[in-house]
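Below: a set of structures, written as structure tokens.
You will see chain A twice below: alongside chain B first, and alongside chain C after that.
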Partner chain A sequence: MKVNRTTPWLFAAPTLVLVGAVFLFPLIAVFRYSLENVGISSYVPTTFAGLSNFRFIYSDPLFVAALENNLKLFLCVPFMALLSVILAAILFDRPRGWKVYRTMLFLPYVISIPVVGVVFGYMFERDGIINSGLRAVGLGGVAPDWLGSSSWALPTIMIVIIWKELGFGIVLCLARLMSVDEHLFEAARVDGARWWKVLRHVTVPQLAPALVFYVIVELINMLSWVFAYVYVMTLGGPENSTVVSEYYIYQAVFQDNVIGIGAAAGVTLLAVVSMLIIVRVWMRRRFLLGYE
Partner chain B sequence: MKRIARGTALTVALGALCLLALTAAAVGANGGGGLGSQYDVGKDGKITLTVWWLGNQEVPGIEPWMKQTVAKYEALHPNVTVKTVIEPTDTWTATQKTACAGKSGPDIWYNWAGTWSLEQVWAGCTVPNESVLSAGDLGPVANINETRWEGKTWLYPLYRFVYPVVYSKTLFTKAGLDPNKPPQTWSQFLAACKKLKAAGITPIAIGLKDGFGGEILGSATFQKQLFSSYKPLVQMVINGDFTSPTWKSWIQHVVELKPYVNNDVNSITFGDGLARFQSGKAAMVFGTPGAQQMIAAMVKSSKEVGVMKPPVFGTAAYANSLVNTGNGFQVTSWSKHKQAAGNFLAFMHTPARLKALYAQTGIFPTDNRWNPSQAKSSTDRLMLQWLAQKNVNYPANYYPTNLDVNGNFVIFQGILGGNMTVNQAASTYESVITKWRKLSQGELPNYETWVKSVR
Partner chain C sequence: MRHIVLLTFTGLALIPIYFMVVNALKTNTEYASNELGLPHTPVTSTLHEALAGGDLYRWLLNSTLITCASVLVSTALAALAAYPISLMRWRPGRLLEGVLVALMVVPPIVLVIPLFKMVVQLGQLNTYRSVIVIYAGLMLPFSTFLLAAFFATIPPSLIEAARIDGARPLRIFETVVLPLSRPALVTVMVVQALWVWNEVLIALVFLQQSNLRTLMVGLTVYKSRYQLEVPLVMAGMLWATVPMVLLYLLGQRFFIRGLTAGATKG
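And then the complex of A and B:
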């Protein structure tokens, strides 16, 4: 049967329109806003701004600091990847009670961020449970003001992020390992490889596709999914030391009424995230197709 | 002569017709009744008024009062249903902006005074009081001028937030201070703090993690001392210098305060700081919305508490005063029942409802139809006496929220919880305002018109 070339498009049209309305329209709107001084009423009318919003944010020390903070959060990712691999490998050996451990390690991932933020917010108070514990064992001298000091607040948020996001990596790696041919591990052991050697030469290469996916997803998370941690735990403080780009966008749009600036920051963030997605696609094609 | 007379007659007749038409239009616009309390809601048919507000988050105990108010109003006007919706404070401004952008939402919403209300006005979200309330409804409201702009007022305040320094008489006595003679000047205040500290008592409890403490402390205690009117403050927003010696002068006093506050200011919230004072772990706390309720609760649990005006260091007229601000409601521009909304707002201000408001919550109604002699406690009477002497408003209501969030929040965290210097703090304000002026060129003209109305 001969199909008219336009027929498939006709069938796809409703979906395309829906996708366009849901994704394309907001995207175009954000791009448009980023080039405007968006007015909010007849008292404050909209005017065309060209690239001045972008020039402004790139020269704004707060936006630069926010991006730097996002980049600092990237440091969480290697820790999470490393811990995920090691813990998944341990669980893969099925020690006694491994299913309980697996559940416990995954549990933080399913708890909502505001709950995590509030609980850790109290735990990390200067006189909170963590510092009380440190003082009780004679380590009071090294008990910092975790969230109250501008030099400690971001690292503290990083600790919480690692705690929360680790479960996803472990389950991802474990699921991948369970689909690997068992003979590969047996062969390595028969050849005399010990646990670390098996991990290095068999487990890690087999985990590569899952790991690349996890690393890229988490890098994207560190750029555009950390607002809730900052909002709940520090509100960007103290002294704006934990402002990240999402928080900057929130402040610009909802506190300062400068929608164009928020949109320009949003477009910048989108560009960086898009680059990461391109890297992920490129790596998959270049290195991982054989493993998948 | 005859021709002229005929022409004149024609002109007069046309004028009269126009006047008649205008009058008819005006009468038609408010449904045939007056405004506010004089409006006849019965003519509107069956309608629902929706109110978005913050309830107990702003004034503990106000929700039952509102429920009662709504019930009484609905009984009086069976054709009207009033639906109240409590919104979270944290996202309140964002919620308002979202509603305004979509031009859909409540008929009435709660707001704070000054820029908080006016920014919504400039965004076209609300209508002036004068279009929904009568002169008789507006006249007795003490804090109505906090939102005067372009000859109109834009928020109908219901009650007053006051910002005293609250102190524990027990801890004052313990430190050898006279509990009935609290310090009045800055030097007396620092001397008292020193004595309290020497007695092993934390002089002041404050939490800055959520930033508001910086706003409250900075605004109600320090910044107001530079002014005798807030006109110069609004002018500063337009083109002033926030690194000037005058502006720096109050920041220096914040630095002097540092040794006397708790050492974890940045890791606890403002509420946590208050709780610390309430539990007797600190001698003083800088005033807060709801101070009256906090005092009442403490007195109920047999604690001896006093209030004082913030210690004076300035020489301007506002220096020796108790700051207050009137918070209330606005009618939204998209409401289909603006006049009925005005009528409901006026009902909230009837003497019986105002009396019930104070009786049920302890908050001071900002309306002369409420008789201050109803004040129950000595601290309330003292604060009302100070307010009657001088009605000084909250300075943070006279500058952009950006200067508050990225100025006050940041510099108090930096000074009291970090190592920020006076110069760094002043530069922070200056850079925030410079950035704001650059970004808000559309809003600057509103400030330029506002400065003419500020008193």
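And then the complex of A and C:
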């Protein structure tokens, strides 16, 4: 529709203002803070810090460990991708009751992280039902103190993340498969291809765009949306074994009042996420056609 | 074989939910002897007790208020912005859309640092309005982007017809665009509601008084308060879960459409 010059701006104005206030201004401010010793009151004024905040965090073993923990969480993603493909492919064959299965498999995604964290917290207690189950089948020897031991806490959080996020992948892959031309699958079946062969040669290639997006979205989640899991389940413990970069920043800013340090860590996190954004924008250009 | 795989994974997906529901229907005494089984005599008293304390009820109302307000604000603004992006000849629109897509993945913790200072300086800490504005703003990239994608599917001929009838852009928006995109608007609102309801970080940072907390932040307090009374804790968790599960079961296709479109098109 052709309109005069100002009309589009008028419609977009409230969004531009709010996006400016909530995203753009804070982004600029956080870069500035990262170069300052940010004052917390009129008695402690702000001074310029140069790169000392960055030097501090890169030599802080806790921050390095926090980033490493984020990278360890990346290990969840291949599992989620693999299981999503298999389960979506099975559901796509439309076995009896597939819609009910889909509803149930997606349910964990709807439940909030605090609820999930608290419920799993009880189940993973030293004498909780999971360890009782392990003992009942004779695996009592391996029953660890899941969230209470520094070597098991992060893997336990990973199990919970996979549990919660898997449904999203399944639904995403299934939606993609349903938009693919059915004839492709029929042709393969008429040719007598076995289920695994159809999966490998037809389903997976057709799923590629959805799968790539799922992987990128989840990688971003593992960097920037895992605060709530850690906050609810472990508070970063035991012995800081589950501190992730978000939690490090939260502690720096809201508990230790060193805003500049938190901002420097934030800028670092942003730099890592930006690389994924670039991949994502590139993928969007490459694959968007498949959805239109 | 297929059913074995599906049943296994569905079972795994449901175990924690089962654990929460059956234990919310037990008394503390029954839980002591029966952690995993169905309750011998299901009771609703634990569910009553969970709300009767007052705090949980208050937090439930806070969450409802904040969710409704921020979803309405965000959807309204997003619809207004998506309109010129998709349906008007407006070159900066494409650029704006690109910026919004990039902003969708900015980690909230990074934004929270300056936002917190800003809110404190404005004297708006511990107010619903600060949180509502922040939530609405944070959701705008996603909702604008999604609505723009839906608006783009409206046939241009309908809009041209209205224009020839002499309608101005605002009137076309009200009488053509909005009525046609009702399913899209519901989709966006449902996905946003899920996100706000379940959000933790911003609620934790900006609402620090007990009576202002949202349910998600309140739950962790609640859990440590009643740590040893597992059925009572589970009843609280169940109350926090029921609204979103109901919304999901009623509007499943909107959920799926919104979440898959958000991720596949983004």
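Assume the second predicted complex is superposed on the first by the 264 of 292 C-alpha atoms of A that agree within 3 Å, B and C clash if a C-alpha of one lies under 4 Å from a C-alpha of the other, contacts with A are read in each partner's own complex, and residues count from 1 in each chain.
Simple rule for what comes next: a residue touches a chain if its C-beta (ideal position, glycine included) is under 8 Å from a C-beta of that chain, and two chains touch if they have at least 3 such contacts.
Quantities reported herein were computed from a predicted structural model and do not represent experimental measurements.
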Partner chain(s) touched by A:L51 [first = chain B, second = chain C, both, neither]: neither
First (chain B), second (chain C), both or neither touched by A:M275: neither
Partner chain in contact with A:L82 - chain B first, chain C second, else both or neither: neither
First (chain B), second (chain C), both or neither touched by A:N240: first
First (chain B), second (chain C), both or neither touched by A:L172: second
Which superposed partner A:F254 touches (first chain B, second chain C, both, neither): both
Touched chain A residues, chain B compared with chain C: C
Chain B versus chain C as contact partner of A:A29, first or second or both or neither: second
Partner chain in contact with A:A187 - chain B first, chain C second, else both or neither: neither
On chain A, the residue positions that both chain B and chain C contact, one per complex: 254
List of chain B residues in touch with chain A within their complex: 93-94, 97, 100, 119, 121-125, 208-211, 263-268, 400-402, 405-406, 409-410, 413-414, 417-418, 420, 431, 435-436, 438-443, 446
For the chain A and chain C complex, residues of the former touching the latter: 1-3, 7-9, 11-12, 14-16, 18-19, 21-23, 25-27, 29-30, 33, 83, 86-87, 90-91, 93, 95, 98, 101, 103-116, 118-123, 129, 132, 163, 166-168, 171-172, 175-176, 209-210, 213-214, 217, 220, 223-225, 227-228, 231-232, 246, 249-250, 253-254, 259, 262-263, 266-267, 269-270, 273, 276-277, 280-281, 284, 288, 291
Complex interface listing, chain C residues touching chain A: 2-3, 5-6, 9-10, 12-17, 19-20, 35-36, 77-78, 80-81, 83-85, 87-90, 92-93, 96, 98, 100-103, 105-118, 133-134, 136-138, 140-141, 144, 156, 159-160, 163, 169, 172-173, 194, 197-198, 200-201, 204-205, 216-217, 219-220, 223, 230, 233-234, 237, 240-241, 244-245, 248-249, 252, 255-256, 259-260, 263-266
Chain A - residues contacting chain B, complex: 37, 39-45, 47, 56, 60-62, 124-128, 145-150, 234-235, 237-240, 251, 254-258, 261
